[in-house]
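In order of appearance the chains are A, B, C, D, E and F, and numbering begins at 1 in each one.
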Amino acid sequence: MTPRPSGRAPDAMRPVSIETGFARHAEGSALIRVGGTEILCAATVESRVPPFLRGQGKGWVTAEYGMLPRATHTRGGREAAKGRQSGRTQEIQRLIGRSLRAVVDLAALGEMSITVDCDVLNADGGTRCAAITGGWVALRLALDKLVRNRVLARLPLRAQVAAVSCGLTQAGPVLDLDYDEDSTAAADANFVLTETGGIVEIQGTAEHAPFSQAQFEALLALAQAGTVPLFAAQRAAVDAALGAPPPETP
Amino acid sequence: MTPRPSGRAPDAMRPVSIETGFARHAEGSALIRVGGTEILCAATVESRVPPFLRGQGKGWVTAEYGMLPRATHTRGGREAAKGRQSGRTQEIQRLIGRSLRAVVDLAALGEMSITVDCDVLNADGGTRCAAITGGWVALRLALDKLVRNRVLARLPLRAQVAAVSCGLTQAGPVLDLDYDEDSTAAADANFVLTETGGIVEIQGTAEHAPFSQAQFEALLALAQAGTVPLFAAQRAAVDAALGAPPPETP
Amino acid sequence: MTPRPSGRAPDAMRPVSIETGFARHAEGSALIRVGGTEILCAATVESRVPPFLRGQGKGWVTAEYGMLPRATHTRGGREAAKGRQSGRTQEIQRLIGRSLRAVVDLAALGEMSITVDCDVLNADGGTRCAAITGGWVALRLALDKLVRNRVLARLPLRAQVAAVSCGLTQAGPVLDLDYDEDSTAAADANFVLTETGGIVEIQGTAEHAPFSQAQFEALLALAQAGTVPLFAAQRAAVDAALGAPPPETP
Amino acid sequence: MTPRPSGRAPDAMRPVSIETGFARHAEGSALIRVGGTEILCAATVESRVPPFLRGQGKGWVTAEYGMLPRATHTRGGREAAKGRQSGRTQEIQRLIGRSLRAVVDLAALGEMSITVDCDVLNADGGTRCAAITGGWVALRLALDKLVRNRVLARLPLRAQVAAVSCGLTQAGPVLDLDYDEDSTAAADANFVLTETGGIVEIQGTAEHAPFSQAQFEALLALAQAGTVPLFAAQRAAVDAALGAPPPETP
Amino acid sequence: MTPRPSGRAPDAMRPVSIETGFARHAEGSALIRVGGTEILCAATVESRVPPFLRGQGKGWVTAEYGMLPRATHTRGGREAAKGRQSGRTQEIQRLIGRSLRAVVDLAALGEMSITVDCDVLNADGGTRCAAITGGWVALRLALDKLVRNRVLARLPLRAQVAAVSCGLTQAGPVLDLDYDEDSTAAADANFVLTETGGIVEIQGTAEHAPFSQAQFEALLALAQAGTVPLFAAQRAAVDAALGAPPPETP
Amino acid sequence: MTPRPSGRAPDAMRPVSIETGFARHAEGSALIRVGGTEILCAATVESRVPPFLRGQGKGWVTAEYGMLPRATHTRGGREAAKGRQSGRTQEIQRLIGRSLRAVVDLAALGEMSITVDCDVLNADGGTRCAAITGGWVALRLALDKLVRNRVLARLPLRAQVAAVSCGLTQAGPVLDLDYDEDSTAAADANFVLTETGGIVEIQGTAEHAPFSQAQFEALLALAQAGTVPLFAAQRAAVDAALGAPPPETP
């Protein structure tokens, strides 16, 4: 079996760090680094909801995703200059939004909306997964601020959510693809999971040849183990930001 | 367990039919009906490839997706009038394109591109899955024409591909969601499979609460069984169109 | 005199058929076929009017037009992907809307609007004319539904309206141009008429050389005769859909 | 019979004047005034043709139309700021382009294109007609310059073309509608004619009720007479600009 | 020292004329000519303000800028057709708007907005400056109309404002650049001044090499002298339009 | 005289730091902090020039500017989602581009282009000035890389360029406006200067009342002194990145 380009073991995550407070004006923010991937996540609270939700007493959580033009090896054109967001961008921001909404109690949030902006400063594979993992921290801090300001009685958050990509490469099934692996993997899958092992989203794609159920389950097992340090990093970042263990999320 | 709104058994597909030749000018076309969902798929062959592939001797397969404004219960605005395709539209057409490409031997196709247009005439759930299933027939017929016209020596097609959606509903895990089920399911997943059981794409989404690995595997099992009649319908449509069993696809 | 490419007599319409109910969710729909041209017309009723009409107690009727990318010999780019509707599309949908409005009693309709979507599934010349002819049936059925649901006391419809194109070709003045004739005619004209011979719209264009008043009147005479079977097909389709002759339109 | 709002006789044109050379950089230009309507027409010659014509040895003539925001009673939004040209604008510029092309010998022009920009400085009805009448002068002068510069051996122009609108109003059939009449006429029609009476374009629209063939022919007769002074004004403007009667246009 | 291309003295303005009333529907209008530059300025009064000002009892003044496609040596594409205003256009219209606002008492105007459209009919350098100078006249006349109609008790105008460009050329520091000078100057600066010498806007740009404070002050001195005839022309135009000296602007 | 909101002396810059290498893929990058304003500048080298420069043997330097949605107190909509860059954005990126080009020897650069992306991560006033100051460092490093890789024989850079804003506030003329001051200043001006005191760009704007020449010169004097530490910070950052004093810039 060929070794991985990075020399990592098949089940090894890259180093993860989450720094909070980088976006000084945001209600909650997290600068997440997963290996060479670096994303600034900023949560904004607004006391109104999109038209389709008005008057229902429920809140909304959504996400937007962007990449600085030179976050990548070669410069990508600025979407604002092109006049439209690419299909890839829209697909990713819809995924991040769904993933975060899945663990929020929208009724308990009330008629407020939270937008989580995820902007990639440096890209080295796995940006959508890192955006979800970091986005949860930004969201968590913004919700905490609502509790501390007595806008909400309790955190309307049911679980932690984090994500990781796995793939079938020449090194076999591996965890946490970097850019080199991502661009050559025979198949890859993104897993969005809760800290209790619940599945929030699965996206698996055969790039070159169909894969088998057994292969898919191997990737899922890698992801289940691989998200453990992500959940720990989330909790550590929240603790550091709030000066104490966060209130239990039921 | 609550029965399904349609009264179908949990593992029952809706009636499927595939009519070929509806788009008279297209190199291959298929009008697929899955219950109340009706999609016109038309394949166009062009002897050029996108810029990023030029000079590599390889072909390309892509898809575009649209919905007539009144394919749905309430009229949806026309995307051409709005001036942009929605994120949903782009996500779906990227999925269809990837799914079809996964079974095409792009090197054997040579520097030609095939665009499969999938336009929803009537919608009742499962449009992206039906588009893949019908799109394969349109693609197959267009490729056959290239073989008959001696542009290609053999069909550059590795497998059949078809898709179905499954979901966790009040009736438990069920096959082939219609609109009523799709809009209320706790989770749903789209499975794009080959006729030999290979997995091409998996997209699973928890709408309300995370789901377990066991639940996910129940959905996959439903899909594996549920695609059997889809593959049969594809073969029957191709046979009817070509007047004889199609050449073996290796 | 050269014969027509299709072998038709100069004053011969192509076969016409109108099938209702194809768009299952629409308040009224008609799939019209005129020779190889095939258009799905779907009428949508909404209980609001555009801003410029609000508070005047009058209704509105408008139309939108689109063409599936592969309705034509060579694939046309999807307008939704290009981000704008072409001048041709806008010109046609404005014509359809004006033609239908001309026979509706907007005051009797009240503050409701009806949008008639006309989507070309297969194109072989005369699409704007077929869209008007089929669009009237969709509109008629949608209005009938409002009468049956007692939203309206009577049909707010003054007349039938149908359209046909005529042209000066190498075969002389001819009725109902197909694509081959349309692309080579020296002049062509679209006539939108009522069943009592009233003129709703005339659009005549010299493609290569100016034409004379006498030539123009020859085209008008062809159109007057040529629309007779169109009005009959409209009445037959409405009768078949409603199970009885429609109430008199004054 | 009610008199016209302007007091004009039913067959009276408004005063017409055409001033050349206003757009100093253009190869040909004409500032046309028809009553209170004032349009600056400027012709630009470029030595290339649109892609669909390349290599055919033929030229192209096209037109663009715009209206200054405050050419009208109430300010209209600037199309450049809205990001799209309205359907009305596109319809009008397509009409102007077709009308001018109909009298140009495109083969004799060779692989050059002429764009005639028609910008409405003040609007009081009939802008599309005045744009055609003035546009012909700008085009004529630009072609003359090509002849004087020996780029072309002779004027590739077959005829003069001018346009006028007529309508059915409370004063009966009338010539040359101004804004007040245009907005209340029961029907109106634009006639694009050559100086020998040939018909280039006819666009007739029933705004409120269908009209009869006899009514239509009355409008056409008004237009035939009404364009006589327009052709004279065109010739006078060209003579004044070129210092001598123009060469015969065959 | 090389002479100027036009032969003008370094401190010589080109001839200036301002004709009012050209845009017949506008509340105020001015056609300004500065040498070969010709701009139609039209002011529109509307009794509403942009959202960010609502309910504050204050008015708004803004400007829009456009250039006819053939105002220039070579034809420029129509921004409405391109679907977006260029950065240059937006920069200029923002400058005009700020310059006019700076001399208006927005509180005294009350909740009304005035839009000044500046459309370049012929361009020969200095269009943004001429637009400001002419735009002030259009604005002044529109405000006067509000006073005469007793909508306002007094003119909410604090000063006259006019603008001129100066530059460092091969002829040294010169006043009022024309196109030839503008495209080759080493540096140029636009000065927006009041008739009492106050500075409203300064925009100085080194095109090829940085310039010194002394050079900059030489340009400012030219501008201070050069705007004197502009202010006189503004007053003469207003006097001519209103038939008497305008009321004092405090 | 009122003290400044920040308590700073009128001629006090905020703390400045410049960190290089943050954008790991860029040919040169600088993360500049000026007080609470934080901008990531990344330079990209490409071996082609825009169409208008092709074949002239000269290079090009341009800039793009963006702001993360939550760089500000309240979230700003994402320009990529709106489909257009604002006038403000375009104005700023044109200013940055001109400022950098003014100190580059484009002929010595040869047919290459350098794009400097300036993305605001946190905003507290003065973003366009900080972008110029930081952008120069990114550009300098990218050019140095071309020299080290022997693509260029020497640095094609004539000077350092940096920028600062000054304004007339309740505290009198002050240096380096922060957000609070910027939004309430009576006038403000941006000065783009070289380290030898040359003026590259001046933009002065009276927000409420015209200002005098003396006031303007006071602002310029503040800027001349205030840019001294900016030039020092640029040199320190370049030295730190390159491990030695940079080669002399002539």
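Note that a residue touches a chain if its C-beta (ideal position, glycine included) is under 8 Å from a C-beta of that chain, and two chains touch if they have at least 3 such contacts.
Model, not experiment: these values are computed from the prediction.
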Both-way neighbours, i.e. chains that touch chain F and touch chain C: none
Candidate from D-E, A-B or A-F with the same interface as C-D, over half of contact pairs in common: A-B
Chain B and chain E: spacing of chain centres that average the CA atoms, whole Å: 60
Whole-Å gap between the CA centroids of chain B and chain D: 51
Approximate Å spacing (C-alpha centroids) for the pair chain B, chain C: 33
Touching two or more other chains - residues of chain A: 83-85
Sequence of touching chains round the ring, chain D onward through chain E: D, E, F, A, B, C
In the complex, chain F residues that touch chain A: 22-26, 29, 36, 40, 42, 44, 46, 64, 66, 68-73, 75, 78-85, 89, 115, 117, 119, 121-123
Chain C to chain D touching residues, read off their complex: 84-88, 90-91, 93-94, 98, 102-103, 159, 189, 193-194, 196-213, 216, 220
